[in-house]
Each structure stands twice: as C-alpha cells, then as structure tokens.
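Shared between the two complexes below is subunit A, which has subunit B as its partner in the first and subunit C in the second.
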Partner chain A sequence: MKERIGVYICHCGGNISDYVDVEELGKMFHAEDGIVIAKDVMFACADSNQKAMVNDIKEHNLDAIVVASCSPKLHLHTFKNVATRGGLNPTNYVQVNIREQCSWPHSDKPREATVKAAGLIRAGINRVSHSESLDNIEISVKKTVLVVGAGVSGMKAALDLSKLGNEVYLIEKDYFVGGRIAQYEKLFMSGQKGKDIVAALYKEIKNQTNITLFTGATVDKVSGSLGNFHVDVKVKPRFINGKADKQAVKTAMEECRVFIHDDFNFGMAKRKAIYKNYPEALPDVPVVDAEALKNETDFVSKFSAALNLNEKEEILSLIVGSVLVSTGYDSYQPAEGEYGYKTIPNVITLPEFKRLMELSPDKLIYNDKQIKKVAFIYCVGNRQKKGDNKYCSRQCCTSTIYTSLQLKEKYRDITTFHLYRDIRTYGKQEILYDQSAKQGDIYLRYDEKEPPVVGLDGKTIIVKVKDYLTAKMEMEVEADMVVLVTGMVAREDSQQISEHFKIPIGSDKFFNEIHPKLKPVETVIKGVYIGGTCQGPKNISESVQSSLSAAAKISALLKSGTVSVDPIIARVDADVCTWCGKCANVCDYTAIKEVDADGKRIALVNKAICTGCGICAPVCPVNAIEIAQYTDMEIESMIDGFMDKTEVKEKDTTAVEVVETGGVRMKEYPQIWKQILQTMEGTKKSIPQVATEISADPNVVTYHMMTMNKYSVVMADGMDEKEEYFYYKIKNQ
Partner chain B sequence: MARVNPEFATEISKSGAGDFKACFNCGTCTATCSLSTTENSFPREMIRYSTLGLEDEIKASLKPWLCYYCGECSTQCPRQANPGELMMSLRRWLTSKYDWTGLSGLMYKSLTLSLAAFILALVGVIAFAGSVGFELEKMVHFGHYFEMIAIGTVGFVILLPNIIRMWWFTIHKPKTKVPFVNYLKATGDLFVHMFTQKRALGCDDNQFRWFEHFILVLAYLSLLFTTVFLDWFAATNLFIIVLGYIESVIIAVVTVDFVSSRMKKDKAVSKNSQPSDWFFVIWLLLMGLTAFMVRLFIDLNLLETNKWLYLVHLTVLVQWALIIVPFGKWTHFLYRSFAMYLAKLKA
Partner chain C sequence: MSDETFKPKILVFSTDKISDPGIDQAGLRKIHYSPSVYVISLPCSSGVKPRWILHALEKGFDGVFIAADGHECSYSSKCADHTNQIILDSQALMSEKGISPKRIRMAALCSVCAEPFANHMENFSKILVGLEDTNAQ
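And now, the complex of A and B:
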C-alpha cells in the first residue's frame, strides 16, 4: 500500500474546470488518508507544473502520483517521465481521464460531471495505492534476420538489412529467385523487364557477404521469440551434384529428352526434366525432376557425375533475432466455367496471357488461331460484393492497360476490348489509360449485378455485356481470345505460414498489420514483420516500399542488441498453479509453456512473447495467473473506489453572485444568459431588441436565445418553440 | 443486340474525326452544350456510338444535325477528344449514307476522286464551248438553261430521294409512329429553319457567326433566283441589275471572311478543314466573284472580247451544280432544315 500519494487535478484551461469543480475536488481529496498532496492546477502538462511535481515528489517523499486530466493517449508518457524524473518508478503513476470522460460529454450536467470525476479519481488513487514498482523487461536480441520469400520485396529488404549491418538469411520456396516479377516481361511504368530487375538484385545480393540465400527452402518449424527465434528450414534437393563441373551439368540439360509440364509457363509449353524456369533464371544451377528421370537409367548413368538423384532434403536450424515475412500472393484462379474458363477455348487469365506474349515473339497464336481481337474482363475474383474477395487488387487495371499497350506495340494489328467496372489507374499510371484510349482500345463498363457472359457462336467467341456507358445497351463483342483479369489473393500456403509465425490473418486471408497507418509493417508478434503483397494487394513499387520500411524497423529494433518491453504481462503464482493447461490453450501467442519447478508441473510465461492481452487470467480455475498492473487487487480496488459515495459539496456561493432567474442557477450557464434573462424579465422582446439593450452582437444573442429556447429557459418575441435557429435568422433579417 | 464494330472508328476518321476514342465518358461535353436537352442529349452519346461502331444507331439519329458547332465541348473536353469535330465528321458520314448514289461517300474519302470530278466538269465545259464554236451568245444561252435543268434534275433525282432516305433511316426504320397531320403541321418549322438557321442562335459563341451565315444564305438564294428566274445576265431593268450586284458582292465578302477564317483556324468551327469544306467556301466565293465580273463586263461591253471570263464562270457553275450541290457540303442546307423538321415529328 502506498501511503504518500500526490494527486493533481487539472483545469485544462477551462476545458475541465468550466464544468467540473476541480477546486472542490482538490480540497476534498486533500483531506483523505494516505494523500499528502491534492491540488488543482491550471495546466498539469505545463513545464512549470511538471517541475513543481518533480519537486513535490522529492520534497514530500511521495511514493505514487495520480494526475486527473485528459486521455492517457495524450499525456501518459509525459507524466510517466515526470515520475521517473522525481525518482519514482513510472508504474507508480496512474492517469485519470476527467476531460473526455467527464467535462466534455457531461457539459450539460456540471454537478454530475463533478461527482463522476470524483469517483474516477478515487478509483485511480485506489489503484495507485496497490501499484507495484515494475521494471521494463530487457531482452537480448541476435542481429540476424530471416527473410522469407525472395521476390522483389524480399530481395530488396534483404539487401538493406545486410547493408545496415545485420546477418541475413534469405529463403525462397522456389528453386529460383525473383518470385512473380520474373514471370512478367516489361513492367509498368518504367518498361524494365522483370527478369532484368531480378538479375540485378541477385548480383547485388551475391556481392553482400552477410546474406545467405537458400532456394527450394521452406519454413518447417518455428519456436522462440523476439531476439531468439529458432527456425527450422527445410531445403529441397536439386538433385545436381554440387561439386560437378558446370559444363557437364549444362550438357546434361541440353541432352535431356524427357519433357514435363512447365509450371512457370502455366503449361503453355513443355520443359525438360532438367530445367531452369527461364534461361537466365538464377541461381544459375538447373533443377532435376528426379521422378521424371526415374526410369531413364542410361541417361542418368551417362551423367552420373553431374546428377545426384539420391540427394536428400536437408533441415537447417537457424537462430534469428527477427523475421520479415514477404511471401507474396497468388493470382486468383477462376473456377471452371467462370466466364468460360477451361470450358470455352481461348479463355485464359492475365498472368497466363503475359506468358503467352513472352512465348510468342512475332505472331500471337493460341490454339492454332491467330489472335487479333482480345477482350479483357476486369475484376475477376475481386471486389465481390457477395464473395470473399471484397477488396480491389490495385495493380490489375494498370497491368492490363499496360499489357494492351504492349500488345499493339509488339503485334501491331490488334484490337482490344476492355470490359471493366471502374478504371483505377491512380497516380502517374493515369497516363497509360490515356494512351490506351487514344490508341483505340475500346472500353465497355459493366456492373457486378450484370456481369459479361462469354459464349460461343459456332467457333467464334462472343462476349455479351450490358454497357453502362451506353444506357445499359446489350452489346456483343466478338473476340479471338478472352483474358480474365484476375486479381491477387492470399497465398495458398499463407495459413501454414501464419501458423508458423502466429501472424494474424484478416477476413481477406492476407496477413494483418497492427495498424494500417501507424504500424503498417508490424504484426502483433514482437519481432515478426510483414512486407510486400502477403499483407494485401500492392503493385511492385508499393511492395518494395513496405518491405523496405519493415527492414528499417527491424534494423532499429535489433540495433542495440537488446530490446526493452513493457512489464505489463501475465505472471504465474507457482505456489497456486497446478498446471491444467487451460491458459496455454487459450493463448494466441503460445507464450505459456508447461515446465517443471521443483518437482511440480506449472505454467511458465515467456516474457518476450507475452503481449499482456489478459485472456489467460479469467480461464485459470485456481486464479494462479494475473496480469501485472491489472491485478485483481488493483481492479477491485478501483471498482470500490468508484462505487464509494461521493458528496460533492455545493460550491461556496458567497464569493459569486447568484441570481435566480427563471429557475436557472447562473453559475452553471454562460454570463450572457444572465444579461439576456435580466433584459427579458417578464416582457416579450425580440432578439434585435435584446441585442441592442445589452449591446451585444445580434448573431451571438440569436445563437444563445435559440439554445435557451431549446431548453425552455426563455422565448424571444416572434419565435415559436418549433422554429429552428437558421429559420428564425432568415425570417427576421 | 448490337455488335461492337471497332472498324467504324477507322471509317469515321476518314471523314475527319480526330481523337474521339480518347473519351472516357465523363459527359462534360453534353453538360456544357447549350443546345443539348434531356430529350436530345449529345455529343457524349454520339461519341459512345462512334467508339462502339453502332452504325444503325447513328444512322437513326438526328442529333449530329442538331449540333451547330460552337466548339465549346471541344474546349472543355478534359481528354482533348474533340467531340465537336466528331459531330462534324458524323454529319459528313451521314451525308454519304443518305446519298443513294454513293458518290458523296467516295468524294468525302478521296481527294483524288473529287479533283478528277472537277477536272471532268472543266473538260466538259470546254468541249461544249468548242462544239458551239466559242460563241458567247450560245454559251450564255446554254448557261441559263443549264441552271434550270440542273436545279430540276439534281433536286428530283438526287436530293429528293436522299431526303426520303433520311426520313427512312430516322423515322421509318426506328418505327416512330407519326400521324399524317403532323407532317403538315411541322412544315412551318422546316421553312423557318431553312431560311433563318435560328437554332444556331442558341450556340454559346458570338452571334455574329450566325448573322454572317444568315445573310450569306439569303444572298445565295436570292442570287440564284435573280440569275435563274430574272435572268440577271440578260436583264435590262436597273433594279434587277443592281440587286444582282449587291447579292454577288455580299456572297464574295462573306465567303472571303470564311476562307480567311479557315486559313487562320481562329474559331473552333474553322480549325479542322476537310477538302469538302474548302471546295464549298472557295466555289461559293468564285461563284459570287465570277458572276459579278461577268455582269460588270457585260455592262462595260467587255465580255465579247473576254469570252474566257464567261467560260470560267460557267465552269464554276457546272462544278458547283453537279458536284458540290448534290454530293458535297451544299447538302447540309437541306439536311439541317429537314433534321429540325423530322425532330419535330419525333418529339
């Protein structure tokens, strides 16, 4: 129990004291036991007052302080610092909010506001008197970062992290780096090729000595917490002899005659069983499809020096201080029959179409048909009012329009139809939209309620659409190919990744940050950050921006080698705990583990992981678990304090003149009301008359008299009860 | 169900339309147009039809004729899609669609063909002059008869069927029910618009443009009357002679202003000139000028020694009557007034 408490009650200029009788409250608490100082101050946050508080703490040897002022959102840290400067532990400070919770919302009932403020302050005093002195928890962290996903975001972040002096492990699920952008030719707005960007980044990464890259690698198991994550990474075999001569490997690739499905090109081409995604793919080591070469014993024995079909997958154990998840997205995969996908020939998705363009250097031919007319259907699998994917994928409009420009540039004689819902080529991308329209691309606007219908007329594809720009006229578009502009969706394996790192997933299935504006790359798991499109749809620039900001956040976090976290976490009373596991079951962060303590099984809280959310405390059947600073004792004492009957004495009235007019106590109302009431006394006067008599601005008088009228205090001449302020003003001007 | 026809954009651009495909359908043009109404809303709708290539809808529409091209839409267009010029191009395109002979369309699209027709007319005139031994009296006599015959033939063989086709496309084909009595009631509108073009007064730009055009039409029609029915070149009545002089001078003065305006490109309406526009204003100018000169030479007794002047006048006349009137821009005089008439029927 604290016995030398200081209580400061703030006027906040007049924000609080206009309605709450702070002087009276000061006097009231000053008389109470355990309180050394209780006073009202004009501005508690003012420098002069802060200094005075520091002096008070030292002079009167205070052991706890309470400030009753504004919201802790505004000044909690200000007064915690004051406590620290006075030599108190900041956990022995409690802030009570009597502005947002009393004076502002209850300005119409000043007496009740004062009573409520008294209750809240008493609750604060009770709480602080039970408060403990707690120190921040210091955690030592390893200056090593795991970056999951070597797409453009992951690669850029890895580079920055390494340049900022961190050891980086960069892991990529595929056998080659680059992610999605490697699949795309020219990228808006710069026109650079995706694979060129990948090659440049790869070269830079190879030049950094403190980045270790693993391809074919996935996260297998994660334990530990901020500063010391233990991550097991599973690395799939490439089935290439690592020590083999490069030329021999190349010859094996050239001579391989077994062809398999080409995932990289969405099956639009075949690839060899010893392959690279594309000739310039990096790292410059091919991958062997061991399954496909199983029966090719001659071939395998011929190249036995280069191939190693018995290679096994490896598990690497890494210890890292922090993790950046930049796992990217999947393209929405239309259901069979959605706009004729897979049921009508020549209906493909935009990513497939982009690969088709890359595979068709001179003429655009698909299914033996030369493509001259292409219809793009926008927003496929996105912006669904009824479906799961309610969001917009941000980049598809621009991507499609840029593709359309490329089409004309590459193949000349091509007509494109754009069946869209809204064109969102925000920012500089608008230029592309302008170019596209000017080159003759035809835009038709449909509504989600009446989506286009893709059908066949003989062998010709006909897309029927109600064009909202032509008075909803039913239009037919004849096309050689229909391209479904599919948006972004969360990766298929995002659930797994989320389970590994405990990153929360939103209703859109993407990973969730803590706050979209203020903590845009942080997750609720300390030390785990997200960057790029695993968080939600972004274009390349935006992806890189987010992963780089995560890199900067991580560097700042790990810089000093230790991290200090708030002491507000769960703690277990080892004597009471009997380990039933209920607390561990409800914990979202796996912060609670069963441990052995002197031969007894009890729960133990990992201080680095616990967020102090408090979900474990109520489920404990024996009440062995509590949250620091929110102990039962503190909370119950607060309730008691608030329920205490508070008699707020009538304000000492001798000092102020109170005239009872119309049953209104003047103290509670603005001065001008008194003047108005005195002028009106018993007579009917119009507002202009009153204004002249008290020589005040007629507009001000009008405003106040309308308010007085509203509360039935007084009624001016020529104004009836129902008329509104502005109406009165108009009528009498 | 209408089929999108991207080829139409190419076709219409041959009639002079510019960047109308840049349109993103904001509707500023329609909002800013002082002639557009709820019932007859344009130009956005016409741009949309053109982008999608909905020929039937365009053919059934009178809206291109309801625009008098002040150019405000093109000035306000946020995408420089030039809606005003598209409306102009649609008028050219519609002219070629109304023309049953198809020659209109060919000449709009091909400058070579137009020039060939003009040369053919020149050769014809010279051949005719040769056949009568370049005798002035015979030539003038023929010239006078030619005017009457040309008016009758062109009017009944070309223009009347074309007007009927216009009615067919805009009233009959869209199945607009019009009681017969309305056809009679609306004739007043037809003539009012034909002789006053008063709709142009509703345009946003200054009304001087309308005034110039108005007196030009009056001067042209009365000169036509003076030469054909009062036989100006043979007249002895001083009043008729002076009247003809005044009319031809007005025509020359106004058309000089029109030509210089097209050269300076100082107004929206004169910014984009197609060959058909040049032919129309220049030949009108030549008509006024040569007629004036011929009469002047007659009065000064110089024509006998300057037969070439009459030959020039006759050539201009023949080219005007056989090329520009039936297949060229002259037809807008009819289509504009009939559009007002037919619009009245539709209302």
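And now, the complex of A and C:
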C-alpha cells in the first residue's frame, strides 16, 4: 500500500481548468491521508514541471504519483519516464484522463465536470496506492529473422534486414520469387516492368551473404516465442537433380512434349510439364510436374541425369528471433455468372486481362475474336454493402486506367468504356485519370443499387448500365470484351498462417495490426510483424513502405540481443489454482500450460508469450488468475473511488477569462515561456530574434512559440521586411 | 413518478486500443454525454470480471456498459463471444442478488465511434431511468 503519493492536476492552459475547478481539487486532495503533495499545474507535460516532479519525488521520498491531465494515449510514457527519472518504478504511476473524458465532453456542466474529475482522481489515487513495483521482463533474442513471402514487399524487407546486420531466412510458397508483380507487364507510375524489378531484387539478394532463400517453402509448425521462435519449414521438391548440368536441364525442358494447365497465365496458355513461370523467372531452375510425367518413362529415362522424380520434400528447422509475414493477397474470384463471368464468352478479370495483353504482342485476340472495344466494370467484389468485402482495394482504379492507357499505346483502334462507381486515383495517380480522359476513354458512372448487366445479343456482348452522370439514362455498350475490375481479398491460406503465428484476423479476413496509426505493422504477438497486402489492400509502393517499416522495427527490436517487454501479463496464484484447463482453452496464444508444482497440477503462464489481454481471468472458476496492473484490488478500489461523495462549489468562470486572456500566472509557465515573454515585453519579435536574445535553439523556440500561440499566450503580428518570418507579440498587450 | 434530477451513474469498461480512443474522440469533438459516466480502460473487453460488475452495482452504480472491440479486437477473433459470455455470467450473478439484468449492456465501439458512444450513453441512461421508475412504482 503506497502512503507517500504525489498528485498533479493539470490546467492544460485552460483546456481543463476552463471547466473543471483544478485549484479547488488541488486543495481538496492536499488534505488527504497518504498524499504528500497535491498541486495544480499549468502544463503538467512542460519540461519545467517534469523537473519539479522529479525533484518532488526525490525530496519528499514519494512512493507513487498520479497525474490528472490528458488522455494516457498522449503522455503515459512522458510521465512514466518522469517516475523513472525520480527513482520510482514506472508502474507506480497512474494517469487520470480529466481532459478528453471530463472537461471537454462536460464543458456544458462545469460543476458536474469538477465532481466527476474528483471521482476520477480519487480512483486514480486508490489504484496507485495498490500498485506494485513491476520490472520489465528481459528476454534474450536471436538476431535472425524469418520473412514469409518473397513478393516485392518480402524481398525488399529481407534486403533491409540483412543490410542492418540480421541473418535472414526468406521463404516463398511458389517455386519462383516475385509474387504478383511478376505477372504485370508495366507498373504504374514508373512504367517499369514487374519482372525487371523482381530480377534486380533477386540479384541483390543473391549478393547478400546473410540471406538464405527457400522457394517452394511453407511454414509447417511454429513453437516458441519472441527471441526464439522455432519454425519448421516444409520445402517441396523441384524434381530436378541439383547437381545436374544446366544445359542438360535446359535440353530436357526444350524436348518435353507434355503440356499442363498454366496457372501463371490463368489457363490462357499451356505450359510444359518442366516449366518456369516465365522464361526469366528466378531462381533460374525449372520445376517438374512429376505427376504429369509419371507415364513418360522413356523421356524420364533419357533425362535421368537432369531429373529426379524420387526427390522428397524436406523439413527444415529454423530458430529465429522475429518473424515478418508478407504473404500478399489473392485477387477476388467472381462467382460463376457474376457479370457473365464463365457464362458469357470474353468476360474476364483484370489480372487475366493483363496476362492476355502480355501474351498478345501485336493484336489483341481472344476466343478467335479481335478485341476492339473493351468495357471495364469497376468495384467487382469490393465495396459491397451487403457482401463480406466492404472495403475499397485502393489500387484497382489506377491499375485499370493505367491498363487502358497501355492498351491504346500497344494496339490500334481500341475503344474503352469505364463503368465505375467512384474513381479513386488518389495522389499523383490522378495524372493517369487525366491522361485517360484526354485520350477519349469513356466514363459511365453506375450505382451499386443498379449495377451493369452483361448480356448477349446473338454473339455480341451488350452491357446495359444506368449512367448516373446523365440522369440515370440507360446506356447500352457493345463490347468485344468485358473486363471485371476485381479487388484484393485475403489469401486463402491466411487462416493457416494465422493459426501458426497466432496473428489475429479482422472481419475483412486480412491480418490485424495492433493499431492502424500508432502500431501499424506490429501484431499483438510479440516479435511477429506484418507487411504489405496481407494486412489489407495497398499498392506496390505502400506495400513496400509497410514492410520496410516492419523491417526497421524488427531490426531495432533485435539490435541489442535482449528485449525488454511490458510486465503486464497474466499470473496464477498457485495456492488457489486447481487446474481445470479453462484458462488454457480460451488462450489463443497457447501461453498457458498445465505443470506440476510440488505434486499439484496448476496453470503456468509463459511470460514471453502472454499478451496480457486478460481473456483467461474471467473464466477461472476459483479466481486464481489476474493481470498485473488490473488486479481485483486495483479495479475495485477505482470503482470505490468513483463513488466517493464530493462536495464542490460552482466554479467562478469570470476568473477563467483572466487566466485565458490576461497573460497572468507567469509563475505557472515553463521557464522558457517566461524567458520568451520577458524578451517580447512591449514589442513584437520574430522567432530568430527571440532565439538569439535568449540564446536558445531556434527549433526549440519555434516549438514553444507555436504552443504559446495555440494557447493564446502570444499572437502573430505581420511579417518582417523580407517576408521571411512572422512577428509575434504577447496577446492582449 | 421518477425523480427528475435522477441521473444514472454508469460505469463503462472500455479497451485501451479501440473503444477508449473512441470515447476520447467524443471529448475531443466536445460531444456531450452525461457527467455521471465513468470509464475504466482495460486491454480487452474479454478481460472484464463479472465480480467487478457486481461490485460496481452493489457500490451504487446504476448500470455497467461494456464498450467492446467486437470483430476489431486485436487479441482474439472470438472476443465478441467471450465478452458475451461475461455478460451472461454476470447476469446470472445479478439475478441471485435481485438486480435487473437490464442494468448491464454491451456494444462494439470503434476508435472513432464518438457519436455512437454518446448515443449509447443516452439510451442506456433512459433504460436505467425507466428501471428506477418501475422500482418507485
């Protein structure tokens, strides 16, 4: 039980104290038992106040502190650091949110806001008085990373990780690297070919001695946790003799006369049973479809030196410190009959159409028909109000428009119709839309309620659409080919990957990060990161950005060889636990195991794996599990604190006006504010002038001047003669 | 007749990463809701113990609201099911004590669900006022 507590209540320059009587609260708590200091401060986060808090902790031998200010999302770490600098354990600090959850939403009821703030602060005091000193959990980690998926995101991340000094295992499910971009001829906006990018990345990877690449490789089993993941990787056989002469393998491929379905080209061509996805595919070793050659005994025997149809799959056991999952996406596959797909000839998807263009060098011919008129139908399988895929796939509008530009550049006399819902060529991609419009592409806008209808009139494809740009006039578009612009969906195997690494999956079936803005590449599983489109739709540059961000995070994590993780995890009271297994059953992370403790079967929590989610705690029938910092004592004492009776007088709001506009209460301002205000007394000055006069870094002065401006302490007053800098003066002076 | 000044006290269990930022948003946008609403933030709504709910109701809170992560939970895809079970277990405990099961509610709130939060608080307050009226009669 803490008995020497310091309480700091922040005015936030008026954001709190305009509505909550902060001074009254400071006096109220000062008089209470166990509280050594209770202060109201203008800006709790100001450097000067932080220093004062550190001094208070040391001088008054405080054993815990409470700061009642803004949301913990903003300054939890600021004040934890203050506690640490003062010599306290940071877990003996509690932040109370009296701004976002009190002064602002209750600005219409100041007195009630003050009563609520009193309850919130009392709850914080109660909680901190029961707080324990907890040390972070130190875990030693191996500087080795597994990157799952060798598409452009995975390859780029592997390169960065290796250059930052990490050992990297890069595994790819396909027999060839590059993922989806190898299927695309030219890429927006640069116009580079996907295959060229893949070749350049592959060459760089081969030059890095600390990257080991496995193709035809999938994750088979995962155990362990941050720092020491044990991953079994299954490597499928290529059925090529690894020691064979390259020319012998090439000859076998040339002479092979057995043809099979070509997945790379969506079945629009056949490929040999000894194949590469495309001639320049890498690694430069073909793959044999052993099943297709099983009856070709003469052929197999002729090339026995090159082929090895008895090759077996291998299991490799890897130990890695961290994992980056960059497994990419699948394209939405329309149902049979959806806009005539598979039921009307010449209705294909955008990825299929891109392959068709690459396979057709001079004339665009499909099903023996030369294609002159193409109708693109946008948003197929995406932005569904009633379906599962409610999201927008971000890149398909631009991809389609870029394809349309390529189409007209490559073939003559092509007319394109774009049946769209909204065009989302954001950022620089808007230039492509402009080019498309200028070259005469025809845009017709439809609504999801009345989607286009693809039908046949004899052998002619007719697309009927109500154009919302021309008062819903029904148009009939005669097309030689209909291209369904299909968006991205989560990969079919994402569920398996999720089960292996315990990565949560969202309602859109893509992997979930912890927080889209603040922790966009981290998952709740310590040491497991996500990058690229396995997380959600992205274009190529966004995918690479996210995987490189994950690579930087991983590298920083593994750099020192040890990782310090939050002590907020589940713990079991061995005396109370009678092992029923309910906690282990609900734990998605297998962090709880049954163990023997002096002849008694009890639950044991793996500290490195536990995420501290707390799901195990409510299911325990004997209340033997609790989460550190969320103990029954702490939570129930908070509830008691909320209910304590508080008598508060109505706040005199006229005084607020003086505080806000009068420039008074100088003693409450940070030291640098005082210096700035003193030098500006009675005159106006620019930031460089102020910085020179008080001998401070101009960047620091800029930061403080902007904050003072925000809180109406100073205001801009014209520009200097050269119109380089604004002048500032003290407000209301 | 209900006491016109009766303002139900509501305890909200929110979640650090999803619903609590949503509640912060309401403040940031100065969307008003009852000052009798108090919030405790936890890592995950599936970690609320029924005994805490009972403690709050016995200590004088009129209702408990769980602002759950629903399908957006970053810890578990089964979060909504787990939280729902907590509600059921709590209601069983509440019945034993003669407390109306209507005094507990749950809804999924996202990190920008400012208005929905304020609406939930308003609707829940009306229900709790209604329960008070029934008790008075």
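In this text, the second predicted complex is superposed on the first by the 494 of 733 C-alpha atoms of A that agree within 3 Å, B and C clash if a C-alpha of one lies under 4 Å from a C-alpha of the other, contacts with A are read in each partner's own complex, and residues count from 1 in each chain.
Everything below uses one rule, namely that a contact is a pair of C-beta atoms (placed from the backbone, for glycine too) under 8 Å apart; a residue touches a chain by one contact, two chains touch by 3 or more.
Just so we're clear, the structure is a prediction, and the values are computed from it rather than from any experiment.
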item: When both partners are placed on the shared chain, which of subunit B and subunit C touches more of subunit A; value: C
item: First (subunit B), second (subunit C), both or neither touched by A:417; value: first
item: First (subunit B), second (subunit C), both or neither touched by A:434; value: first
item: Partner chain(s) touched by A:504 [first = subunit B, second = subunit C, both, neither]; value: second
item: Which superposed partner A:512 touches (first subunit B, second subunit C, both, neither); value: second
item: Partner chain(s) touched by A:674 [first = subunit B, second = subunit C, both, neither]; value: neither
item: Contacts of A:73 with subunit B and subunit C, given as first, second, both or neither; value: second
item: Touched partner set for A:113, first subunit B, second subunit C, both or neither; value: second
item: Contact residues of subunit A, present in both the subunit B and the subunit C interface; value: none
item: Touch list for subunit C against partner subunit A, complex; value: 9, 11, 17, 20-21, 23-24, 26-28, 30-33, 35-36, 38-44, 46-52, 55-56, 59-61, 71-79, 82, 85-86, 89, 111, 118
item: Interfacial residue positions of subunit B with respect to subunit A in the complex; value: 1-4, 6, 9, 19, 21-25, 45, 48-49, 51-52, 54, 79
item: Contact set on subunit A toward subunit B in their complex; value: 373, 415, 417, 423, 433-434, 437-445, 464, 467, 469-471, 473-478
item: Subunit A residues touching subunit C - in the complex, by the definition given at the top; value: 71-73, 97, 99-109, 112-113, 115-116, 119-120, 123, 504-507, 512-515, 523-524, 568, 586, 588, 611-615, 617-619, 623, 627, 630, 632, 635-636, 638-640, 642-643
